[in-house]
């Protein structure tokens, strides 16, 4: 009995030491490792602030901001108008910050001879209409589709930008970017989409894409991504309820600063161009 | 004997053969199953033992989770399990006392018993769903170790009640009658003459519940667990890391999946070690107290 | 004699009454929790049907709440995913489980029996993420390699893992069911010259059949309710599978995958509670039936 009481007292003492300064970041799996690295670096220079990072997908992140469950919501796609009205209905005013630039990579197994695709072909493949690689100049192998789950911003982004219709029902919905890489690496007929921070791995090949079939660009080419010539270039967003304040704001400022942007490059994504930095500054001040 | 055997003799020989060897043939699937368990253990150990070290167990993840250890996960798992027990042990034991000592044998009691047994069979994700709706949203506890602890507490409540009731009912009636004959009240009889003897059985049940709770992921998934947080949980409203979720995240969501694969194996081993530790302690405890129970003739 | 005065007794009586009240309240709480969960699920679940017609929910063949066009909330692919993976699990686990239970209860004695039962129960306590992890890193490549299919994340993988997970339940409950059969049954058979094999299969097993059926139902309940392991290995495509090697999505993993991203108060959010209701009803149903089967077996031996 005494032991039980003392342990309860210890737990109560834990509560009493009170809430630390915590910044909760939730959302995109594409951004998960990037933001986790940023959080780690931030903590070493700001030891009394704890940044908590968790994934779940862009849908989860935006939802958490709308439901006032998180300080910052990560999203690899822009917030939808339905979500904005839902937020307003809940008394939340979502403010958008871009923290990095990504080029969504279309990856295939290293043994696949296909080197490039047009956006239209990509869409046909993911709709299930092109079922064999030999239709696009590849080997005689059935196409095996890998994708994310509907909570993923990348899922929504690729669908809205390339597929422009419903995904084929047979697309395997993996739990994260890394699982897609693993799947594509093991499956010779596979095709998948991942953020550029995940694409520099052995065993997979990144395809060049073209909007209209004339010029093809690689997502590994920074200039193509920055200038928007690569069709699937997109910013990675963070959303807050109203303009960022307090510790959340300090963290975002860190992310947008030189140290943060260096981590963005190290993680394989692209640092922000001036245009995005200007927009962020407008939202910060 | 040569020549034709009568039909019955052939049948008898067949059944004798089946009886002697057939039974052991039944053991083949069982043996295969046990071999599979051992194989799984060996595979996990082979791939993860190299990562385990004192530093691994006491350090937080470093360098984008590719180095360092799993200390915050261990702390988080232990704490959230503790929170769940603070809720479920008192309520569970009290319910068990009611059911075995006070409850009349009527429809209501049967209903309560039935609902407790049914609760034990509800899938863990349904508890997670309920936890999000009740604790996180309706009670506004948010994503926190408290929400997760309460959700887990609801989940292990039926297990605690079942084992505690068994332990208390096993005490012979003479114990209670002796105390009552000396003029104690009902509660005093229970407190002094039943509970102390039922305590080992109740504790065994709690240890088993701890083992199962530590491995659960679905109830904590949406109620408070997080992929990374630098600080250890220091209040009931903190987010926390946990061993089972860490394993899941490292296996499916980390970007350098192959690089962190050994850490995933290490996490699996540590989680299994905790679960097995509590299972084995409970088992040994049960053995020792069973031999000491001289009243069980 | 000290302490026999009336005030002392009154306080003891008070404590006694208070204790009794606390205990009664605690046990009522447990019953309330079950009802509470069901009520919550129902209340939130039926809100789905403000936007989604109930027949389309129950019988629709497409589950796609985040569709490009119209969202679709059809249960069938999810129910099929759950049922098919459970069916495969039972195909594996029921014969293995009953055979093992017969061996354990009829033949093994003493410490060997205890050791075997303990090992089986230890495995029952394995965290499902660990099994899912094993399925991901070992079973998936194995399936892909052996059957020459592109990916090992499919119905077969999920079914095998679920089979392993429900095996300990089936073994335990079957063993209990077999042990409940009175010894007089076996002794009578031996007296007539039957061998242990015949006795076990023709006398004991049929006598215990209600309990064995209960074991199968509980194994079913265990497999249907599993979330994490399935989420890691089933491929998670909400389709109606045409082969063992197609990816599937179960009811449980759908809730786990989609709960985080649905906004509170949306039809999607409520539809997940409707799914939870379905799951709850299935789990409750199988448990109640199993319970009554066990009771029936015990009753059949008391004349």
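The letters A, B and C name the chains in turn, as written, and every chain counts its residues from 1.
Here is the rule we use: contacts are C-beta pairs under 8 Å (C-beta built on N, C-alpha and C of every residue); 3 or more make two chains touch, one makes a residue touch a chain.
Remember, it's a predicted structure, so these values are computed and weren't measured experimentally.
Engineer: Based on which chains touch which, is the overall arrangement a line, ring, star, complete graph, or other?
Structural biologist: Complete.
Engineer: By mean C-alpha position, what chain is farthest away from chain C?
Structural biologist: Farthest from chain C by mean C-alpha position: A.
Engineer: Roughly how far is chain A from chain B, going centre to centre by Cα mean, in whole Å?
Structural biologist: Each chain reduced to its C-alpha mean, chain A and chain B end up 36 Å apart.
Engineer: From the mean C-alpha coordinate of chain B to that of chain C, what's the distance rounded to whole Å?
Structural biologist: Going by mean C-alpha positions, chain B sits 15 Å from chain C.
Engineer: Do you know which chain A residues sit against two or more other chains?
Structural biologist: 67, 174-175
Engineer: Could you list the positions in chain C whose residues touch two or more of the other chains?
Structural biologist: Where chain C meets two or more other chains at a single residue, that happens at 232, 260, 264.
Engineer: Quick check on chain B: which residues sit in contact with 2+ other chains?
Structural biologist: 137, 252
Engineer: For chain A, which residues count as touching chain C in their complex?
Structural biologist: Chain A reaches chain C through residues 56-60, 63-64, 66-67, 83, 86, 142, 144, 149-151, 156, 159-160, 163-166, 169-175, 183, 186-190.
Engineer: What residues of chain B sit close enough to touch chain C in their complex?
Structural biologist: Listed in rising order, the residues of chain B that touch chain C are 15-16, 18-19, 22-23, 26-27, 29-30, 33-34, 36-37, 40, 43-44, 90-92, 94-95, 97-99, 101-103, 111-112, 114-130, 132-134, 137, 154, 157-158, 161, 185-188, 190, 208, 211-212, 214-218, 221-222, 244-245, 247-248, 251-252, 261, 264, 268, 271-272, 275-276, 279-280, 283.
Engineer: Once bound in the complex, which stretches of chain C touch chain A?
Structural biologist: It comes out as residues 62, 64-69, 141, 144, 150-151, 153, 231-232, 235-239, 246-247, 249, 257-258, 260-266.
Engineer: Looking at the complex, which residues from chain C come into contact with chain B?
Structural biologist: Listed in rising order, the residues of chain C that touch chain B are 12-13, 15-16, 19-20, 22-31, 33-37, 40-41, 44, 95-96, 99-100, 102-104, 106-107, 116, 118-123, 125-130, 132-134, 136-138, 164, 167, 195-198, 200, 218, 221, 224-228, 232, 252, 255-256, 259-260, 264, 272-273, 276, 279-280, 283-284, 286-288, 291.
Engineer: For chain A, which residues are in contact with chain B within the complex?
Structural biologist: 7-8, 11, 14-15, 17-20, 22, 24, 26, 29, 32-33, 36-37, 39-40, 43, 50-55, 67, 69-70, 174-179, 181-182, 197-198, 201, 267
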